[in-house]
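This report refers to the structure that appears directly beneath it.
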Amino acid sequence: GGSDDGGSGSSGGGGSDDLTMGFAQVGAESGWRTANTKSVQAAAKEAGIDLKFSDAQQKQENQIKAIRSYIQQRVDVIAFSPVVETGWDTVLQEAKRAKIPVILTDRAIDSDDTSLYETFLGSDFVVEGQKAGQWVVDNAETNDVDKDGTINVVEITGTTGAAPAIDRKSGFEDKISSDPSIKIIASQTGDFTRDGGKKVMEAFLKSKKGIDVVYAHNDDEGLGAIEAIEAAGKKPGVDIKIVTVDAVKDGMTALSEGRINYIVECNPLLGPQLMDLAKKVAAGEDVPERVETKETAFDQQQAKKVLADRQY
Amino acid sequence: MTGVSVTFPGVKALQSVGLTLRAGEVHALMGENGAGKSTLVKALTGVYAIDAGTIVVGGEPRTFTSPAESQAAGISTVYQEVNLCTNLTVAENMLLGREPRSFGRIDTRTMNRRAGIVLTRLGLDIDPRSRLGEHPIAIQQLVAIARAVDIEADLLILDEPTSSLDADEVEKLFAVIRTLRNEGTAIVFVSHFLDQVFEISDRMTVLRNGQLVGEYVTAETSRLELVRAMIGRELETLERIERQAEEKDVVEAGEPLLQVVQLGRKGSVEAVDLSVFDGEVIGVAGLLGSGRTELARLLFGADAADTGTVSVKGRRTRLRTPRNAIDHSIAFSSEDRRAEGVIGDLSIADNMILALQASRGWLRPVNAGTKERLVRSYIEALDIRPPDPQALMRNLSGGNQQKVLLARWLITDPELLILDEPTRGIDIGAKAQIQQLVTDLAGRGVAVVFISAELEEVLRLSDRLVVMRDRHKIDERVNDDVSVSDVLEIIAGEVRADA
Amino acid sequence: MSAHTPTADDLRGSATDRLRQLTPPRRFYPVLATAALFVGMLGAGGIRYEGFTSPQVILNLLVDNAFLIVLAVGMTCVILTGGIDLSVGSVVALSTMVAASTLRAGWPAALVVVAVLLSGSVLGLLMGLVIHYFEIQPFIVTLAGMFLARGLCYLISIESIPIKDPTFTSFAMGTIDLPGGYFITPAVLVALFVLAVAAWGLHMTRFGRTVYAVGGSEQSALLMGLAVARTKVGVYVISGFCSSLAGLLFSVYMLSGYSLHAVGMELDAIAAVVIGGTLLAGGSGLVLGSALGVLVLGTIQTFISFDGNLSSWWTKITIGVLLLVFVVIQRLFTRRQA
Amino acid sequence: MRSALRHPLFWPVLALGILLLVNLVATPSFFSVRVQDGHLYGSLIDILRNGAPTLLIALGMTLVIATRGIDLSVGAIVAIAGAVSCTYLAGAPDESSAGRAIVAMSLAVGVCILLGLWNGFLVAVLGIQPIIATLVLMTAGRGLAMLITDGQIITVNNSLFKKVGAGFVLGLPVAILIALAILLVTAVLTRRTALGMLIEAVGINPEASRLAGVRSRTITWTVYVFIAFCSAVAGLMIASNTSAADANNAGLFIELDAILAVVIGGTSLAGGRFSLTGTFIGAMFIQTLATTIPTIGIPSETNYLFKAIVVILVCLLQSPKARAVLRVRRPAPLLTRGSQA
């Protein structure tokens, strides 16, 4: 091994007295994650931080191993996106003992001991679900495509058990419970993939009547659902409304073309903010306990405007 | 046991057969290939469930549902095909399930020592710690026997234990059997060697087509009677062959079909010179482990030689894989039929046609009509039972499998046929047929290399004799009235000269 | 080997005997090859990366892979009989789930441990019974077992559950200090103990020898009158037990139960066993080899994290390439010996 | 009737029938097929179309398994095929031209055949155990696919390319037509020539086959190339179905489905006798099961449980031993399995 690919760029600034950061990424399971990784790598180069990157292939134990090895290698800051909320106490204790500050990105951890990490940088999946739900509620009128007084929602969930899937589901349910005319008539996992979304939607279209809205946990599932809807001879975005989460480029394109109705953003470009925090933390400065990324939501009009400068 | 029946889908392997065994007596079980001997053994020991009938042991009716149960009831068995684990050591194989233990752990030292003692008793000089798979099939058979003998049982069943042993080993086995008999053990002995049966048994039961023919007292029965009981017809064939073999004379002229010079392989056979001419039968004699099989494998390219040269019909060539040899019309029937011959889950027809098909390549299948004709004709010629081309190979009796494998090679129409123990486990009728076949083939110009543990057979058939010892070729001579004792002398003489 | 003459034989026999005692038996060759390559890999890592061969890094191989060693031990037993157990990863997840949820419900730690071990063993028992008595292929039965265990996880909860029980947390935080400032965790001791018991059991008990016999030839073992049924079912119970024990170690390691834990870990376990020189056909291999296999996989991981410059896909490719280099060299090694 | 009962495919077919029936009860419109935009439309059509990739891979897997092997790398090859074709297409100046699509697909198939040669080399020439030999590509292959796509989902817009996985010809899905055509060709190649018999011989007893002159090495090598080819085509279908290459998820766990299909179809993992018809039924069963889950509304959390129970039931149904236990006592308790000495 040992071949070095162009994209990783470790020794941006060069000097050995630079700040070294160990970053334990979850994996590369989606385009979103890849954009996230790239943002971190690019920002590190920009900021002259020596980045040690490792990919855990969706396994928490690999992340723990990576963090351990960062401790061994005495990096200055450790940052990671936890695969799950739980189970970090032991290794973070070790980091604390070694006096290496830790920054969480993308997702918080569930620990009673908040001294284990300096700060959290990321978004809140529950809020994302709520935004999607709020949109359905707010546009109840137009969303009731068949005008029968009830809005039948089919939900294509993410990977069963995955944190975003759980939170986006509960956030969504939270909001739509306020309106008794909105009902989830079917919910099935599409594993966050286009293929999954398409297959699940195909089955829904055949077994469920009067579908008004599709709520997909990410853009890819939504894009898959679009294919299925078109194959059934219906117009996505018109005959059936679609709301998704993420706002990746393909999703935004579909949104601007009117095939998706609403996308809640989940911003992967955490790199610059992360590097800022890292420098502060390393310098011993105080940082807020929680830094939320700037995130918005797009409807079709807004999508057209921002599409051009969408990078991922 | 009385009235025992066993049915397989489509075959009534045993119909209402009875067998009475007495302590301190050797009971021979006789019958042609496929008569049901092995099935009877397996029914008796709980491998097959019986459809009807009763088994009474020591006055008590018993039904065994597994070999473990029959073993616990004092029955120790060597089944026809060597049923040991080649991945374990010799000692482990002998004592599996009965390992000596101290403080709950297996006492390996005692185990090896105990195994060594039993092996010595059978005249086997091998390391109990060596892996069983390293040894040739004959040694494995002896180890299986050693295992059975070591289980101090009331009843010892040996299904064709001597099929790959030579005279020496057989004598040692018989000595052990006699001792056990005198100690009061009942022994069932299955064999196709009439000499051995007459030498060792007290009583015989004959089966034919799954049915009981009768029980005979050995001392009061003549060979002819026995053979007639077994096959239901007279046996003239044997004599006819002897005559033919004597009449034939081969001219060793011109180019040899196959010539090897200094052919050898490290750790197997050392530098052998050999020329084989058309229409000639070369017998290879030697004691167990003398390297006959290894020589045959080198000639066929089953193992690649690392020294020496090979020429076929005067042209230099290399035999690195069986394919090379087959392309030169050389055929080889292995001694280890279960591991190296039988394709158990394919039909008789597919098994027979395999070598021919392989040499034609997959794109040119043997056409269905030709295949049917070939298969049928060999089933008939070799009297294979059941005569159903679609029967699965693994359901055939041992002897019939051997016949199918012979047919596999005959179908390829070879110019040189290497037969390693082709008559193992074959009944006397079939044996005569095969010997006849070898003679016929030679008459038609096919060269045959014939290896057998049975020296008489080798001598009867061969035109030229090669004698091996300790992986060397120590002698080669034209077979004009060489006798068994001559050969033994050659082997022994060399040993003395050596030491 | 030996000739037939007693005189010549006596001399040669004893000489070869003595030689034989010095050279290791042939069945150890694959394991020795694995061990040699493992050391070679560490050396290569040490040359390439600073601090790679520091004792703690090597100890961390054990600390971080204790559960995998336990898992590989169970898997080895199954594979030695010629079977396979795909359910182990899911059973690990199920065990973490059962442990976390029962602890949350307030069960005492000892009871939880017993319950987890019992449930894993029972699942193994069920699979073993189906495999043996219904003669369904192990691959399929354990695949169903894998689905079943994963499904049960979701049934318990789809969210992760933290473990806050003091016994578990103290076990998790506890370290055993070694001279020189190095440390290991109690889990390492558990794993080494399991390894030792398995090695002893496989070589020193009838059950163990029967495992090898069944793997060599099930039919022969049956005809030899061995307890084939008990052995075949037994190895799945052992594997189930080991999986749930590994699950406990894992839940200590993670201090959480989660239904997506240990996805694909069965492949790691199988790979470790095969890398350790065990034949998938059964009948040949050593548990010690499997433990070495785990360490080899761990070393590959360590390579990756020490490098720190590999993007996600290069990580996968590098793992594949290292695996390849390893199995090819090992193969050439063992082939020359054979 | 008795002979039907004894037919090895009776039980898999029965299981498939039951599953379809369950669907019919749950959703009465399940069997309805209507014409939509000039092609057939309905759940059954979906099953055929979505089942095509699994069927193809199961087809290759059948032959690999018949030689006592296994191929874990099929999922990675699926991803690579999609990645190669879509990346090429997306980078081409005339992305939507038919010619480009053909070049893209040929390129993908070519690359995958090289990978098959590689797997075959490891197994047949170096003699590495198939599971570990293909594990190498299983791990590295997905990395390669991601390297090609740069970790992104590559979306393409090409109508010919879209046809392979999502299109229709004569009202029927192109995917299933391709899969059936390959199935047919394979059936003819294995059963009308001697190939099938030789593959079985190699799988049942490799050493005996070698001594009988069978080129077992070449045969083994060929089946790995063949399964790579099948996976490549399957990969194209999967990519084409959504007009996108998802290097991470395309073909994830498809090896398990394929193996399951093979086994349900009655081919033993121990190698030897194989049944292509059985594999076809097995693959259709797997896909029907996958479609059933969202159709009858099984909650996501219980998917696995449901799958586990169905698999167990089908296998029990299929096992002669289990049926015998449930029915009556039968003789011949032992020696039904061939031993591998």
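Letters A, B, C and D mark the chains in the order given here, with residues in each chain numbered from 1 onward.
By our rule, a residue touches a chain if its C-beta (ideal position, glycine included) is under 8 Å from a C-beta of that chain, and two chains touch if they have at least 3 such contacts.
What you see is a predicted model, and the numbers here were worked out from it, not measured in a lab.
Visitor: Name whichever of C-D and B-C has more C-beta pairs touching across its two chains.
Guide: Most C-beta pairs in contact, of the two: C-D.
Visitor: Can you check how far apart chain B and chain C are, centre to centre, with Cα atoms defining each centre and the answer in Å?
Guide: 42
Visitor: Let me have the rounded angstrom distance from the C-alpha centre of chain A over to the C-alpha centre of chain D, please.
Guide: The separation of the two C-alpha centroids amounts to 33 Å.
Visitor: Let me have the rounded angstrom distance from the C-alpha centre of chain A over to the C-alpha centre of chain B, please.
Guide: The separation of the two C-alpha centroids amounts to 71 Å.
Visitor: Could you check chain A for residues that touch two or more other chains and list them?
Guide: As it turns out, chain A has residues touching two or more other chains at 5, 7, 28, 34, 37, 160.
Visitor: Provide the list of chain B residues touching at least two other chains, using ranges where the numbers run on.
Guide: 47, 66, 86
Visitor: What parts of chain D, by residue number, touch at least two of the other chains?
Guide: 146-147, 151, 300-301, 303, 334-335, 338, 341 - these are the residues of chain D that touch more than one other chain.
Visitor: If I apply the definition of touch given earlier, which pairs of chains qualify?
Guide: Contact pairs between chains: A-C, A-D, B-C, B-D, C-D.
Visitor: Could you pull out which chain D residues touch chain A in their complex?
Guide: Interface residues on chain D, with respect to chain A: 26-27, 29-30, 36-37, 41-43, 46, 50, 146-147, 150-153, 155, 166, 238, 241-244, 246, 248-250, 290-291, 293-301, 303.
Visitor: Spell out the residues on chain A that touch chain D in their complex, using ranges where they run on.
Guide: Residue list for chain A touching chain D: 5, 7, 28-31, 33-34, 37, 157, 160, 186-189, 191-196, 198-200, 202-204, 206-207, 220, 223-224, 227, 231-233, 250, 312.
Visitor: Quick one: which bits of chain C touch chain D in the complex? Just the residue numbers, please.
Guide: Listed in rising order, the residues of chain C that touch chain D are 130, 133-137, 139-141, 143-148, 150-152, 154-155, 158, 217-220, 222, 267, 270-271, 274-275, 279-281, 311-321, 323-324, 327-328, 331-332, 335.
Visitor: Can you check the complex and tell me which residues of chain B touch chain C?
Guide: Within the complex, chain B contacts chain C at residues 47, 66-68, 70-72, 77, 79, 83-88, 92, 96-97, 99, 101, 104-106, 125-127, 129-131, 147, 287, 470, 495, 498-499.
Visitor: Would you tell me which residues of chain D are touching chain C in their complex?
Guide: Against chain C, the touching part of chain D is residues 72, 122, 126-129, 131-133, 135-147, 151, 256, 259-260, 263, 268-270, 300-309, 311-312, 315-316, 318-322, 325, 334-341.
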